[in-house]
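Following are the structures in question.
Paired with chain B in one complex and with chain C in the other, chain A is shared by the two complexes that follow.
Our next item is the complex of A and B:
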């Protein structure tokens, strides 16, 4: 198992290199010059040339790329063109806000999604099931930023019980978390319902009932645990997305200074080191979440665990054979 | 001898599945009686209603779509169909338990086999977790699986061993009635023989009554005291093993025996019963078998066929049954 984890961590390197290259390429060819933005319209050509040289933007594409990758190897994400502070520092100061949003958003999704999904599956075609499925369909189809705006209208403008934007205390996080949670809950509910429906028709569920087991235990211990594999997959993807893509929109709508908002602002200013840093940071987080999900699988399903273990055993045996 | 005491008495049981395409008449007015310690073979082709009968006894029919419009299932003198779910739970597994058809899917893939046996014991016997564990190990040994494999998962076992585990779960609480639903169909012939021998031995040791569902007449001959032949949801012939094997009266039973290839003669082809079982959503009037019966007469398709009692033990549902005697 440890070997498997190490192998997966090593696999991260080519992934990150690929991400670096693609984003770097996009930023290189993107229209708009940060130097122009820094100096304003009144700058002379000499000033522009000097700053371009200072930022290293006069080098060729490959020259710029390799000097950036070289920096990365020293864990140097560069400094922001505009604030002149280290990109890593900028990211880390904003990271807690994003984490709060992602973790609580995910928690809310899991709590609502799994419970309603299980009830809907157990009481298939009941009124509860029909209503929950309909709401979930709306939940997955609704863009989160639009829901965010609706929430602002309701809670901030009409009811005046929650602040509309900013991050000056726990109350400011309530709406963004609801906004993220609704979409995630809808996703998880739909998966939970469909996998539970499949699982409760399995023979081993009948075996459990045939033992005289209570319905609660049959559903919770036998059915839900088996259904959890697919549900955990969805939760993993959801959490990865929450750390990256989804929060970008949500943080922008609610003006919460997290990584997402930082990324959007940096793109607007063509602040290349910051954009690169944010994207790489998100890519690493996403990969780690995926790895976490894969490790979680092996704790849920013994068949997957034995696969990981067997793979290393088979290889060991092959190595031994070839060496003798 | 005391073993003449009635354990299970099914009277006039009908089970239907209500589907969108119509009502599937899976089991139609069957009567079946099992005495203590007795083994009954329930024989018939796929779709004859054998498993539905078994699930009805267990109270495990999927509702909906299943409905039981009429009938009674008396177990130890009490009608199981009228029992509340809470009491049924105590009977299920404790007094009546079932060996399921497909051992590959009957075990929970993410629970160790030991835990699956312990679960059964804890539910029905008042004992501590440690006691249950020791008992589960004993049962594993009894069905021929070393107790060290207690904490292994189903995927680490072969098909035959999984079936043994399923049997171990079924026998864990010494049930007075064991329903074995094709316990050997998924296994190859050598393992089949082992499993049957083991079940026979366990049955003798624990004095359990058994309903053996199968389409293997060889197994029936080996271990059954009585045999019920099912066709299209009806028991068409019922009697002691001798009645059925040496003295069968129903043309379908005759056809069943006729389709077993003879080892002594040089046969190139099997001699099956021509035709297919009628569609259970639209059963014919009169005898269900009339369409395939070589002796069918016009009156076979007119009106319900009554069962005729040929002897104290032998019952047959055919209008010709008595005439031929």
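Our next item is the complex of A and C:
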């Protein structure tokens, strides 16, 4: 198992190098000259040349790319054009806010999504099922930023029980987390319901019922446990997306200083080291979450674990078989 | 059991699709939206950038059924013109994703070996960036505007298409009739377009329909973030962004554009689900 994890981590390196290249390429050809923006219209050509040189922007594309990658190896994500501070430091100071949103948003989604999904599947075609399915379908179609605005109107402007924007305490995180949670819950509910419906019809469920298990045991231990693989996949994608991009909108709507808002602000200012740093940082998180989910599979389903552990043996056996 | 008349494969799928009430509802809604978008110049009571400052911030009334915004522009008219943009982006972005990703997927599946490895590793790299983040990055690189946004969303969706096309191609490729075609000396192009494509197209259609829904959502998202359609053009996401300053006083400004995004995305989602269930009833719960 450890071998498998190390192998996957090593495989991550070329992928992230590729991501770095693509993001660098995109930023290199981005319109607008940050130097011009920094110095304003009154700058002389000499000043522009000096700053261009200082920022290393007069080097060739490959020169800039390799010096950037070289920096990354030393955990140096570059320096912001505007604040002159380390990009990594800027990201790390904002990271906790994004993590709080992603973790609690995901937890809320899981709680609501799995419980309603299971009930809907067990009581298929009941009123609860119909209403929950309809709400979930609306939930996945609803833009999260619109939901955010509606929540602001309801809780902050009309009921006046929650602050509208900013991050000065736990109360400021309630609405953003609800906003993220509703969208995620809709996704998880749909998957839970359909996989549970599939699982409930399996023979081993009938066997479990036949040997006199309580309905609770049948559903929770026999059905849900087997449906968990698909559900965990969706949760993994959701959490990766939450860390990677969904929070961007949420942070923008509720003015929470997280990585997402930093990214959008940096794009507006053409602060390319910050933009690149944010995208890379998010892509790394996203890849790590995906890896984590793959590892989690092996704990949920021992069959997968034995597959990982015997991968080399199986491969050899398969080669042998095909050659005979 | 009553014998059902057979109408061939397509007829059978269509029959099953029309039995799905939600999917039919989706088709009707999208039909209305398309008509609205095409006839915008005739239906919309006002132009999308026609300002009437005297009537600014009028709540919904008989004259302005969805009210007016801070410049006195009719929100209903702007939503009708916004439908043009959303539907256009939805369809064209998916077409771009389908052409780019689909071609890559076909090449990878058909030629296998090294071509497969190179193409799919490249797609893995793109997949390592969450779709929306990739779209944001590409949009930031290309700059705002309708065309750039369609390219950004299209490219960002292409790895998904590459995967679906490749998977469904690989399934079909192993069939005996492909081998038969090859043994009578058919060209690669002939085999791809006449034998494999028609049989591999079903999952791709489903993915594309659901893709339109997410492209429309991405379009609204990018515009909301100020990286898509620029004012005074009417776009639903951009209208929501503008409405943010008036949530307290003019809440209706934020309600109607969001409602239309939701209905449109919802409709494409149920159509996609409906097609999937009609093509393969086994997948239906």
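Here is the rule we use: the second predicted complex is superposed on the first by the 311 of 324 C-alpha atoms of A that agree within 3 Å, B and C clash if a C-alpha of one lies under 4 Å from a C-alpha of the other, contacts with A are read in each partner's own complex, and residues count from 1 in each chain.
By our rule, contacts are C-beta pairs under 8 Å (C-beta built on N, C-alpha and C of every residue); 3 or more make two chains touch, one makes a residue touch a chain.
Note that the coordinates shown come from a computational prediction; the quantities given were computed from them, not determined experimentally.
Because the two structures share chain A, they can be overlaid on it, and in that overlay chain B and chain C fit beside each other without clashing. By the touch criterion defined above, A:202 lies against chain B but remains apart from chain C after alignment on the C-alpha atoms of chain A. In the overlay built on the shared chain, the residue A:86 is in contact with neither chain B nor chain C.
By the document's definition of touching, of the two partners only chain B reaches A:226; chain C does not. If you stand at the C-alpha centre of chain A, chain B and chain C are 80 degrees apart, rounded to the nearest 10. In the superposition on chain A, A:52 contacts neither chain B nor chain C. In the superposition on chain A, A:210 makes contact with chain B only, not with chain C. By the document's definition of touching, of the two partners only chain C reaches A:19; chain B does not.
When the two complexes are overlaid, the chain among chain B and chain C that reaches more residues of chain A is C.
Residue contacts after overlaying the shared chain place A:301 against chain B, while chain C stays out of touching range. This overlay, made by fitting chain A, leaves chain B and chain C with a least C-alpha separation of 6 Å.
Across the superposed pair, chain B and chain C touch chain A at no common residue. On chain C, the positions that touch chain A within their shared complex are 121-122, 124-126, 128-133, 136-138, 140-143, 213, 217, 220-221, 224-227, 237, 240, 243-244, 247-248, 251, 254-255, 257-258, 261-263, 265-266, 269-270, 285.
Of all residues in chain B, those touching chain A in their complex are 58, 60, 88-94, 97-98, 100-102, 105-111, 116, 119-120, 123-124, 153, 155-156, 166, 169.
Within the complex, the chain A residues that touch chain C are 14-16, 18-19, 22-23, 26-27, 29-32, 124, 137-138, 140-143, 145-146, 149-150, 152-153, 157, 193-194, 197-198, 240-241, 244-246, 248-249, 252-253, 263-264, 267-268, 275, 279, 282-283, 286-287. Contact residues on chain A toward chain B in their complex (touch as defined above): 202-204, 206-214, 222, 225-226, 300-303, 306.
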